[in-house]
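Letters A, B, C and D mark the chains in the order given here, with residues in each chain numbered from 1 onward.
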Amino acid sequence: MSLPEQPVCLDDVERLAAAVLPAAVRDFIAGGSGNELTLDANRAALDGVHLVPRVLRDVSDCTAETTLLGRPAALPMAVAPMAYHRLVHPDGELATARAARRAGIPVTVGTLSSLPLARIAAEGARTWFQLYWLRDRQKVSDLVKEAEEVGCEAVMLTVDVPWMGNRLRDVRNGFVLPEDVVAANLSGGASATARTARAAGSAVAAHTREALDSALSWRDVEEIRSRTGLPLVLKGILDPRDARRAADCGVDALVVSNHGGRQLDGAVPAIAALPGIRDAVGGHCEVLFDSGVRSGTDVLKALALGASGVLLGRPVLWGLALGGESGATTVLRLLAEELHTALGLAGCGRVTDAQGLRAFGSAAFTALSPQPAVP
Amino acid sequence: MSLPEQPVCLDDVERLAAAVLPAAVRDFIAGGSGNELTLDANRAALDGVHLVPRVLRDVSDCTAETTLLGRPAALPMAVAPMAYHRLVHPDGELATARAARRAGIPVTVGTLSSLPLARIAAEGARTWFQLYWLRDRQKVSDLVKEAEEVGCEAVMLTVDVPWMGNRLRDVRNGFVLPEDVVAANLSGGASATARTARAAGSAVAAHTREALDSALSWRDVEEIRSRTGLPLVLKGILDPRDARRAADCGVDALVVSNHGGRQLDGAVPAIAALPGIRDAVGGHCEVLFDSGVRSGTDVLKALALGASGVLLGRPVLWGLALGGESGATTVLRLLAEELHTALGLAGCGRVTDAQGLRAFGSAAFTALSPQPAVP
Amino acid sequence: MSLPEQPVCLDDVERLAAAVLPAAVRDFIAGGSGNELTLDANRAALDGVHLVPRVLRDVSDCTAETTLLGRPAALPMAVAPMAYHRLVHPDGELATARAARRAGIPVTVGTLSSLPLARIAAEGARTWFQLYWLRDRQKVSDLVKEAEEVGCEAVMLTVDVPWMGNRLRDVRNGFVLPEDVVAANLSGGASATARTARAAGSAVAAHTREALDSALSWRDVEEIRSRTGLPLVLKGILDPRDARRAADCGVDALVVSNHGGRQLDGAVPAIAALPGIRDAVGGHCEVLFDSGVRSGTDVLKALALGASGVLLGRPVLWGLALGGESGATTVLRLLAEELHTALGLAGCGRVTDAQGLRAFGSAAFTALSPQPAVP
Amino acid sequence: MSLPEQPVCLDDVERLAAAVLPAAVRDFIAGGSGNELTLDANRAALDGVHLVPRVLRDVSDCTAETTLLGRPAALPMAVAPMAYHRLVHPDGELATARAARRAGIPVTVGTLSSLPLARIAAEGARTWFQLYWLRDRQKVSDLVKEAEEVGCEAVMLTVDVPWMGNRLRDVRNGFVLPEDVVAANLSGGASATARTARAAGSAVAAHTREALDSALSWRDVEEIRSRTGLPLVLKGILDPRDARRAADCGVDALVVSNHGGRQLDGAVPAIAALPGIRDAVGGHCEVLFDSGVRSGTDVLKALALGASGVLLGRPVLWGLALGGESGATTVLRLLAEELHTALGLAGCGRVTDAQGLRAFGSAAFTALSPQPAVP
């Protein structure tokens, strides 16, 4: 399946995808929580970052190749964990994994993937497994074990979902999963909740509340740290104090993220939080970034402000919606081209050179409350 | 009376209420003074606050229960004092008090309530009495005495109304009280003024100017402090110097408020003033907040910036307008749900945990004039 | 002549005036120079100032009475110097002077008044004389002498017009003075230029360039200082170094002003410059303010940031346009009422109390270049 | 050819030109890279600068005459290097050079000029030669030699184009050079690429990528410095560290520029970078400025923030489009008049006086990342 028209940037892809997706699915992907203040602030804050390019540094062999979690990646990017790829294309996560493999980047398979982890991992991409802390603790153990067995290279524990944010688009749409989309890694019962229209509210939110354990705490991080030899990543860190504690717990990487504006409405834009996190962990663990990346320039901004790589979410689903593996590949190709162009124009022959770039930014996000240094 | 449609947030309630209220009443509730700069700035400033959520803190027993003025409340909220609830629903303040009782929060009965204080207090909600400093000083004494006798738990003296702000919507509308709405706690004569159309200006403003004493000063606060054993709350404090003096006078609580943008147009957004007040009183008296709260996230922002609770004004009237007690209950339920969701997503199992949250905010409100530390 | 409709604020007056004035006259009054960046910034900066009101200070005898240049005034306001009042009403400056007298405030008569200084001064208002530095130096001497003879209380030398700003509205309109409007204090020849349509550009600008001497310097200030015993005011100061020098020259008062956005497009908003000027002169000369005042709250903002009074320009002409003396009186009455309301709501019983108010403001005007302290 | 209507400012010229140019050419001139964030930020940042004018400094002999690269110029301006002037007018760079000569300012002839350097230089304007670092190193030598021979006064090496920015307007338009427009200084083969429509992307970008050498580095600057006695200018510096290094290499001048928003989208507005560059080089080399100048006031802003002159780009092409030499002359005349007006209104009798002006500015561009002092 080819794309209906040649997109030249990710905004094009978004528009094209919006035209082919059912409105409720488009909204499920696009929406944020509450009044979508954080959703909008993510973009405004990224657009507000202005980089100071360097010149005269011979970028003739410029490359975006790098390492992520200690292993080579063609780009400082990975596919973010997202639920139910089959909502947008029948090939679902298989297509995503193939596109990631072709692009040379890791794919993160979600606990709520719509195809089984093992099948997705078999596609041969570097695979990370995203873990939700389920009330069914046996299931948690089984999933981590399965991740190890199928060759996942990391476990990424999502720490910002004690329950789901209040996504008003889904509530207004009475959003439910269609019959043929299941949480393939979980038992059928949980999925049933996600498929049942409710008097009020989103079926997916109800499922989440039913399945996830809001008691998740640092003790659990320590336990999971001791239970698996895989690198451990915590996703959803915004406060430098939490970042420092994660580093002290031996966590291998953090994802600075506000869940794409889908959890606490009114949360700080992730990019505004990034420099503080970078300074707090001081190289003691890797810092990844997501929430709002829509171009290669956005990737460069995240690199300049302290990330070693970014996770790509919604744009991958837009690509999938347009053309399965081929559409997702288009998205990753556009990003790769944009990033390469931007690296060279900023005088960066290597991804690591971006860390030396200076940035100017909107003063819209200055500290209102005392910000004691992290001890 | 059931709601015509299921609102999923307070903005929905506002829209629904606007559709059923007479335009002049809708404007009387919605309007601010002058060019409504402060009215708009209240919302912009609250939207501009961005919180930094914490993670991994076990929020499985998250609760919004707290204390207000030393006694338990189900939520860090109370109904703000507002005049004439019967403007929007025949049950008026009785419906409001019932909704507050059901929600487990205090209701503040205004000097200008449209039903008698005693009847409202009899509904069994925690009741606070809002006092305007009347020229008729005997009436002031009588009202405080009545508040004590009917079981009010506090006297909240409004200190920002030497006279009413210039509310142009009311002036343009020639707003007058309808025949069946009276200031039930005052003499009939005063109400007559509020019901008489005037050559120019608002009848309600004329009534206020006639009835209220602009000579109110710190001496009067001390006098009232000595005259009643009830906790004393001052409503309408924005300058840290006034906050400190209130604490020194033995005032039990302050309400940081610009009267919802209805008094001095051009006054600082209340949320921008809040951190300075918190720092000035340093725990020597309780700090409440109002002016612009429209969601549970707004409540969380106020808590993070130093308030122990917020007063809810216009949204309660919108709910009343839609369905009396049931409509007001819907409003308070939405806020309770939103606040619970937000607390957990911010890693706060208790209301007091919110005080440790960091906040980023718009730099739009930085000091222009020297800000000497409060001595 | 009565007003066609009852305006409740100055914006109303502006709209009503716009409906009755010829478009080219309306534009001549409303317009700024260049892209009108400073014209717009004046308003944005004033709207961006947020005051912190005080409470509990007994404002029952609140009054806006004050002194200006050492003599009593009913309000901290004066009518700004403006050219050619007869452009908007046949009674011209006579009507303005009567309205000022009735309001108890000074009127400034311009060098380019459309009626003779002596006639205007005879109306009995406190009168200040605005002086343009004419190439015809004898005329300068004559005008100062006449000002003294007719009882003017001050000479206000305009220092920001070596030539006129590039007012594109006038250029596009090919604006010329109508036959019956003359520069009554100057010779007929000069006026002829102002009445002649030109191939390109504004006739009024051509006249200004012909008549005014761009060589005006501090030496001339010292000369005029030594030539008259009247208080000397410099109008158009924005840099604290110039303010300090003026104080050192024995100037009695400054007007912090960017000429209402009509001279250097891109000049700093006058209100943003005000605190720096106040600090630089430290009470050694009086500081007045103009440029953008449109409400009593704006007056209060100027007082809080360091002015002892403001000059009112365009709004007075709008009032004149609507109803001569009566229209101008309406404007001054609205301002007086708004200021009284605002003073009380800010806890200020006296104009001087406003100087203790704190202000928050937009960070849009922070120093880009080094700002060494004025020595 | 006369202009169809009398423009009174450069915005008028832009509108008039947009009406006569083919859409794809108009877009090729107007467009920026990516989402045009930097294109827009250039204008927003310039509009956000507010100057503090001085007064009483006798500007009767005010003049904008100055020196650029050590030689007299009638204005602190030069025509920026731009490709293919014949895209907009058949006289191309000859008309531009004549207009520059008439205005008394230098013209920069681009490597990608559409007429030969020698013919343009023969028009008698002060001529600078802009050099792209071509893969064909012999061609580089030949061009520098030719520049010397035809009397160019400087070589301006563009350092911010290792490859072209991703200009989406050109990509969407499938922009190709028309048959009669050639890169007259280069071989025919290179031009062919620029004329061939491609499956995806801009033909001009393809040509640039083919012809330019992205290996350009400081070594090459040193080499070119040693190969020619002409003054050497580096165009496209934004980081103070690069500015200092350029000064250390004996470079004669820098152009602080983000290539008019056409290279790295997300680059800092050039005007925001200017003060840091000025401070870094401390007078050790001349600092020129481009990117977004659209009025005489913009020129004054650049002077105040540290530039000794500005380069004019797009506005010259608009003028050319409207009327060849005559149109370009109109543009330069408008700028000269606006600058003269602005200088006097700011109290600057000379261009160098502008350096003492203070400026206020938007806080939108504050440092996000540590900004160590340049050693």
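Heads up, the rule we're going with is that a contact is a pair of C-beta atoms (placed from the backbone, for glycine too) under 8 Å apart; a residue touches a chain by one contact, two chains touch by 3 or more.
What you are looking at is a predicted structure, and each value in this text was computed from that prediction instead of being measured.
In this structure subunit A contacts its sequence twin subunit D using mostly different residue numbers, the overlap staying below half.
The chain with its Cα centroid farthest from the Cα centroid of subunit B is D.
Between the Cα centres of subunit A and subunit B there is a gap of 41 Å. Subunit A and subunit C have centres, each the mean of its CA atoms, that are 58 Å apart. The set of subunit A residues that touch two or more partner chains comprises 363. Subunit A contributes residues 34-35, 37-38, 41, 159-160, 162-163, 165-166, 168, 171-172, 200, 213-218, 220-221, 234, 236-239, 241-242, 258, 263-269, 272-273, 363-369, 371 to its touches with subunit B in the complex. Interface of subunit C with subunit B (complex): residues 6, 8-9, 11, 47-60, 62, 275, 295, 297, 300-301, 304-305, 337-338, 341-342, 344-346, 357-363.
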